[in-house]
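The chains carry the letters A, B, C, D, E and F, assigned in the order they are written, with residues numbered from 1 in each.
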Amino acid sequence: MNCDFNKLVSSIVDSYSELPEFLPNRAIIIEIIDILRRLIFPGYFEKEITEIAHIDYHVGSLLSEVQSKLQHQICRALLHDTTITGKCGEDAEQRSIKITNEFLSRIPKLRKILLTDVDATLDGDPAARNRHEIIFAYPGIFAICVYRLAHELFSLGVPMIPRIMTEYAHSITGIDIHPGAVIGHHFFIDHGTGVVIGETTEIGNYVKIYQGVTLGALSTRGGQSLQGKKRHPTLEDYVTVYSATSIFGGETVIGRGAVIGSNAFITSSVAPGTRVSIKTPEHKYMQLNTNPD
Amino acid sequence: MNCDFNKLVSSIVDSYSELPEFLPNRAIIIEIIDILRRLIFPGYFEKEITEIAHIDYHVGSLLSEVQSKLQHQICRALLHDTTITGKCGEDAEQRSIKITNEFLSRIPKLRKILLTDVDATLDGDPAARNRHEIIFAYPGIFAICVYRLAHELFSLGVPMIPRIMTEYAHSITGIDIHPGAVIGHHFFIDHGTGVVIGETTEIGNYVKIYQGVTLGALSTRGGQSLQGKKRHPTLEDYVTVYSATSIFGGETVIGRGAVIGSNAFITSSVAPGTRVSIKTPEHKYMQLNTNPD
Amino acid sequence: MNCDFNKLVSSIVDSYSELPEFLPNRAIIIEIIDILRRLIFPGYFEKEITEIAHIDYHVGSLLSEVQSKLQHQICRALLHDTTITGKCGEDAEQRSIKITNEFLSRIPKLRKILLTDVDATLDGDPAARNRHEIIFAYPGIFAICVYRLAHELFSLGVPMIPRIMTEYAHSITGIDIHPGAVIGHHFFIDHGTGVVIGETTEIGNYVKIYQGVTLGALSTRGGQSLQGKKRHPTLEDYVTVYSATSIFGGETVIGRGAVIGSNAFITSSVAPGTRVSIKTPEHKYMQLNTNPD
Amino acid sequence: MNCDFNKLVSSIVDSYSELPEFLPNRAIIIEIIDILRRLIFPGYFEKEITEIAHIDYHVGSLLSEVQSKLQHQICRALLHDTTITGKCGEDAEQRSIKITNEFLSRIPKLRKILLTDVDATLDGDPAARNRHEIIFAYPGIFAICVYRLAHELFSLGVPMIPRIMTEYAHSITGIDIHPGAVIGHHFFIDHGTGVVIGETTEIGNYVKIYQGVTLGALSTRGGQSLQGKKRHPTLEDYVTVYSATSIFGGETVIGRGAVIGSNAFITSSVAPGTRVSIKTPEHKYMQLNTNPD
Amino acid sequence: MNCDFNKLVSSIVDSYSELPEFLPNRAIIIEIIDILRRLIFPGYFEKEITEIAHIDYHVGSLLSEVQSKLQHQICRALLHDTTITGKCGEDAEQRSIKITNEFLSRIPKLRKILLTDVDATLDGDPAARNRHEIIFAYPGIFAICVYRLAHELFSLGVPMIPRIMTEYAHSITGIDIHPGAVIGHHFFIDHGTGVVIGETTEIGNYVKIYQGVTLGALSTRGGQSLQGKKRHPTLEDYVTVYSATSIFGGETVIGRGAVIGSNAFITSSVAPGTRVSIKTPEHKYMQLNTNPD
Amino acid sequence: MNCDFNKLVSSIVDSYSELPEFLPNRAIIIEIIDILRRLIFPGYFEKEITEIAHIDYHVGSLLSEVQSKLQHQICRALLHDTTITGKCGEDAEQRSIKITNEFLSRIPKLRKILLTDVDATLDGDPAARNRHEIIFAYPGIFAICVYRLAHELFSLGVPMIPRIMTEYAHSITGIDIHPGAVIGHHFFIDHGTGVVIGETTEIGNYVKIYQGVTLGALSTRGGQSLQGKKRHPTLEDYVTVYSATSIFGGETVIGRGAVIGSNAFITSSVAPGTRVSIKTPEHKYMQLNTNPD
């Protein structure tokens, strides 16, 4: 067996081309998300039960920790990007410091927007008892929170990390929001499993989305050549999209206040204030002969 | 930088209104779920490989641990609720003891019902090899198990914890069952990702649900004013609902033995024994010119 | 209380029939997946940041660890199967060694196929920046990787473990691929939440599947009697299936190069090169009177 | 470098003769000590703060855990011994079960003796506030507890494990008691660092020993040929030995009630009721000229 | 076996008198020591490598954590003490808050004194390379640091915790300093294994102690009746005591600047400036006949 | 309280002078020791029970891990040293690589010498059952092993790390060997608690040392000015030193084959083949009047 084992090792090693360099570390990115969430919603996600005291030191300490970890990961991601693209402009260390500080300075603004998302959830879900329950347990709030953080990094030109962040939220919630999407305030996703929001989607304020909704591209047959083109729809303010509906296409605009029912498949624009519904017609109902028992 | 850093800390701290008090601890609630599952399905989820010996001491020890942890978390949840609602009836400590003991006394009954769910899964899925595989690996059983536990706590008036429990199962399985729903025995969810069962849903015995099924509310525009109203459908005994179908509305009743096909969108009642199917008509098929290669 | 407590313990213990024996250990199976993934994609999922050096020793050491752990788990699974089925052919220890070695020898081939899946993802998704991002963050690649590993074990006759593996990937990604399915190279699943691929599905090369797609059985009313029968569809080379579409039935064949649009429900075969689309018709749009503000 | 690295690996591997087989696992033996201590002194060393409830289930569960772990380690130790000695009498599995059960049945008796050791400590040390502090914090009690457990295993013929146990206590406390020593009740070791009690030592009841005391062999020049001979002293009831004193020799008997002062070096017997003291004589004192400032 | 097992459980349980209540938790006390050490010597004992930034938030956050943990443990220790002594003066919660705050306010002073101990070590040990090495690696500094912390708690009337703290340092370093001892600044313990400093010892400034030195009580035969009496010696400023020497008795005073050589046994006072030496006389040397080869 | 708290934080922060930079990390140094020990004694200290297979990959993988970790820590230690000494010769990165490789190349030689130490232990201790027990449980072997590793790093000019290593062994075993000491083969330390071997000690081959032996400096009053001078004794081949004996002075030479009895205090040279013994004379024995009962 030993001889075979050695051969097997060789055949695996030989199949490797070259190893990736300077990859960011997924486990640390998850820690970063965790710290940022504790900064934004203090008291909900502490490891130990004790109430937080001396809140300013608590915040300063978390902020200091996340600053150091995030800067290090961004630096790796920039270096990694350089090994791929060959571009090598400003020094990665300096750029990662600048980006990190700019990012952290946006936290208070992000926090304000996220509180509007909590409000929208309370308004939108009769099953929600209070804001605490929403922050604590609603997957929609978790996914939106991670998206909003990742989007800032994305817009600051950080490679790879934003996507790792949103894919982490995706694995926890089943909600897949690309960090490139642009989303207004008072955003509410209910239940959320199966929601997909593509890279070039634009979403206004006060929008509601239910589980299984796809905001996607009409065709990706063009592959990498489509990179950067607007391929996903636009939803104006006050739009509601019910469960399992797919809306496709970069030129598709769902107008202000429109309501799209469940299980619809939309590939062209919908005028403001329109209600779209594809209730299954009753002539589809047939009497069954089979006895369930 | 240090000056900016201090300012940033202050601006974050200043944005906090008041910190939540007496929140239950999510990590401990997950431990509680884990212990309860080990009580209900002994031998499947032990951390170490060794077979269980002296089963009565094993059970007594787990039960004692869960009693202490659960009582403590319920007490916190009741106190937290008091800080919000202002209501402050019976003493939280005493109430949490009573509720915990009542809850634990229901475990044998819950276990009996869960075994019917395992039976229903074995009957319903030709891919299932045996009960062990189902208990071990089927997400539907995990989600139903957590739901049944959470539902008992919900019906005993425990705030917040039941929702944290079912949202934990949701994050693992993609199956979102509100702890307020009422569900009969021999319940089978296959695959399950994307299933949503709303707070006021009622489900009879021997019901089968596939992935992507929503049992939802017609509209939540009324928001918090709708709290407590029946907003979600009723499924009578022996109903089957296939994948990606949405059924909405508190007055919608799917009659005994009805079978609802995939991708349907139902907002009105369906008579007992009816089969509803929305097979995509063949005139939707068009010859493509594009060559895939 | 103590008396009641004792009674409660007894009533739980009495309700147990017999405890399962020789169950494999889920936590170790997850470790096995983790090691195999590090063998297949070296450098992405290491716990510490340091770059890998002396790659052949690294690979040999991981391979040795996984050989020992996997063999032990397979041995337990075979013994467990014996306790259920009563069949007791070749000795479990010997069989588990044979199976493990055969499985490990297939890793280089699996790695080659998985690299075609990464290529297909890069080709298919304009939002993908490069192969590194895909390996690191795409849930589709994770689910396909686990499926391909589990499928080899399944085809070598290992009970229970393949299913535990794919259900683990299911819980992380929302993508549920039965280890019995047969899938060609260059397979691409985008987003993936809610995808279900049943046990007897056959999928060709260069196939694309989007989120929420079910490849399922028409009816499972036959239950265990259907075991082994082809119940799930066949997708020929170059087929694309868009989001939230359900395709059912063991005799349903989607011909080479066909494209099935979103939200379709297909229960009969589709000729090669056909495009199926169920765009929601515009007469379903109604002007709303409600004012969203 | 890589070539040198390979050579280095080879030269290390080549230097190995044969790898040991069936070694017991030190980490698990430490766990076993921990569980036994929790059985003997309930409530002091629990990981979580909550008070113990339902003590019988708690005890039964710990006992069941330690039974399984200990039996497994004893079995390995017996098998390992067989690989060395070539003796292979009774089956290791059966013997390890018998030994484990016999050992566990002695716990109540051990507990009773250990409580006399706690009493002796309280009587002997004015700095001790109460029994709780002694159990919690006194290294002497820890070392004696581990010794008493290890001694039972030693006397039941278990190889290697007793020594690993007492060496663990040695590393924590600086007290080195060979598991072969025979020690009566009401034994008190104060401070304890540097205490050595050799394999064939015999100690009566109500004996007190202070830090740095050696009960050793006169000469070990005979090496392995001395194995089994009485090489260490005998201390009768009510003997006290103060700090840093060495007592050597298998024929040395310290008679009942004798008191040996600090820093003595004894190699012959001391009659009952004798006080031995080697106070440094005052003519050893010399005026210093050096000024400390 | 099962019947015997039940009997064994019962016999163990029956042997328990009553379980201790409100014991402090040793693991948390060790955490408290760790945090205090990081406050006193910042940068040496951080878990991760990154340099500390924003030192004020770092300090404030550690201080806040230790405040909460320490207060909780002190409260338990006071309550536990009440269950033993029956005394129940001021409310434990209030007292523990007062004590904790008073203790924390003494940290800057403790830090200043500890830096003199570091200086004394650098002065006293030619093998010491610099202050960093001393703080990092010298067991004497660790033991003195823990003693100084524990002594403050002891002098504030905290039961049990100070002793748990110094016994923890004892287990790590082999240096056993009772928290009741009074020790001046510039204290240096070299090597330290086996050092014992009793409860009523008084030590001046600039004192040096080597390994194996005991500062003990002449006799403890009086047991608990001696509690509170001065039983241990006094060492004035600038005293040096070399290795393995024992100094006993509450009335024994080692005068300013005295130097006590190794292996001495002192039970009466030594005048200031005296040098005591018990060099083994050369007539003890005998020619050996044995040939070592 | 908050105001006082802020003041307290400030007073602590203000008391810091400057934070240390580039300190090596103690936890990682302990990991390095652990890996090196697993390389030297394969199979004894693995975390999991499974027997080692494919030993060459196992060794290569451990060696690769330790190479990376050690080089990183040495680099930090060199940089840290630069911040103190101001010397800044060869580049730290390059030097740390050279040193690490040189160190690793010495492992086979170190292993050979360590096996002679195991042999000496088996020869010297009748209580030792076999080599396995010695490697597994003897603190002397652990301390010598760590010393031998640290000594190589010390002789290669690595600052701080060798001392952290031997102090770690000191805390576990109570044996304090300075990494600068020079020690021959077949070295045996029995029991070992309290052994101190100073920086400039020289020890020949086949030497035996018992617990509590100090090989120390006559006076350290010269402090840092003595750095580099020979201050500790020389022990020639075949010397034995029994327990609690102190030997002092850089010019003290214990000649070949000499045997020094327990509790001696030696400050001048001892001729080869001499036996030194300070048995407590029998006229020190006095009849006691006290009755122990």
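Following the convention adopted for this analysis, a contact is a pair of C-beta atoms (placed from the backbone, for glycine too) under 8 Å apart; a residue touches a chain by one contact, two chains touch by 3 or more.
Note that this is a predicted model, so its numbers are computed, not measured.
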Touching subunit B and subunit F alike: which chains? A, C, D, E
What rotation angle, rounded to the nearest 5 degrees, superposes the C-alpha atoms of subunit A onto those of its identical copy subunit B? 120
Name whichever of E-F and C-D has more C-beta pairs touching across its two chains. E-F
For the two copies subunit C and subunit A, is the contact made of the same residues on each side, with over half of the numbers shared, or of different residues? different
What is the distance, in whole Å, between the centres of subunit A and subunit E, each centre taken as the mean of its C-alpha atoms? 53
Roughly how far is subunit B from subunit C, centre to centre by C-alpha average, rounded to an integer in Å? 24
Give me the residues of subunit A that touch two or more other chains. 5, 9, 54, 56-57, 59-60, 63-64, 174, 193-194, 212, 244, 263, 278, 290
Which chain pairs touch, all of them: A-B, A-C, A-E, A-F, B-C, B-D, B-E, C-D, C-F, D-E, D-F, E-F
Subunit D - residues contacting subunit C, complex: 2, 5, 9, 54, 57
Residues of subunit C that touch subunit A when the two form their complex: 39, 42-45, 47, 49, 51-52, 55-56, 59-60, 63-64, 101, 104-105, 107-108, 111-112, 122-130, 132-133, 136-139, 172-174, 190-191, 193-194, 210-212, 221, 242-244, 261-263, 278-280, 282, 284-288, 290-293
List the residues on subunit A that touch subunit C in their complex, please. 1, 4-6, 8-13, 15-16, 19-21, 23, 25-27, 76, 80, 84, 159-160, 163-164, 167, 170-171, 174, 176, 178, 180, 193-196, 198-199, 206, 212, 214, 216-217, 220, 222-227, 229, 231, 237-238, 244-246, 248, 256-259, 263-268, 270-271, 273-278, 290
Parts of subunit D lying in touch with subunit B, wherever the complex brings them together: 50, 53-54, 56-61, 63-64, 67-69, 72
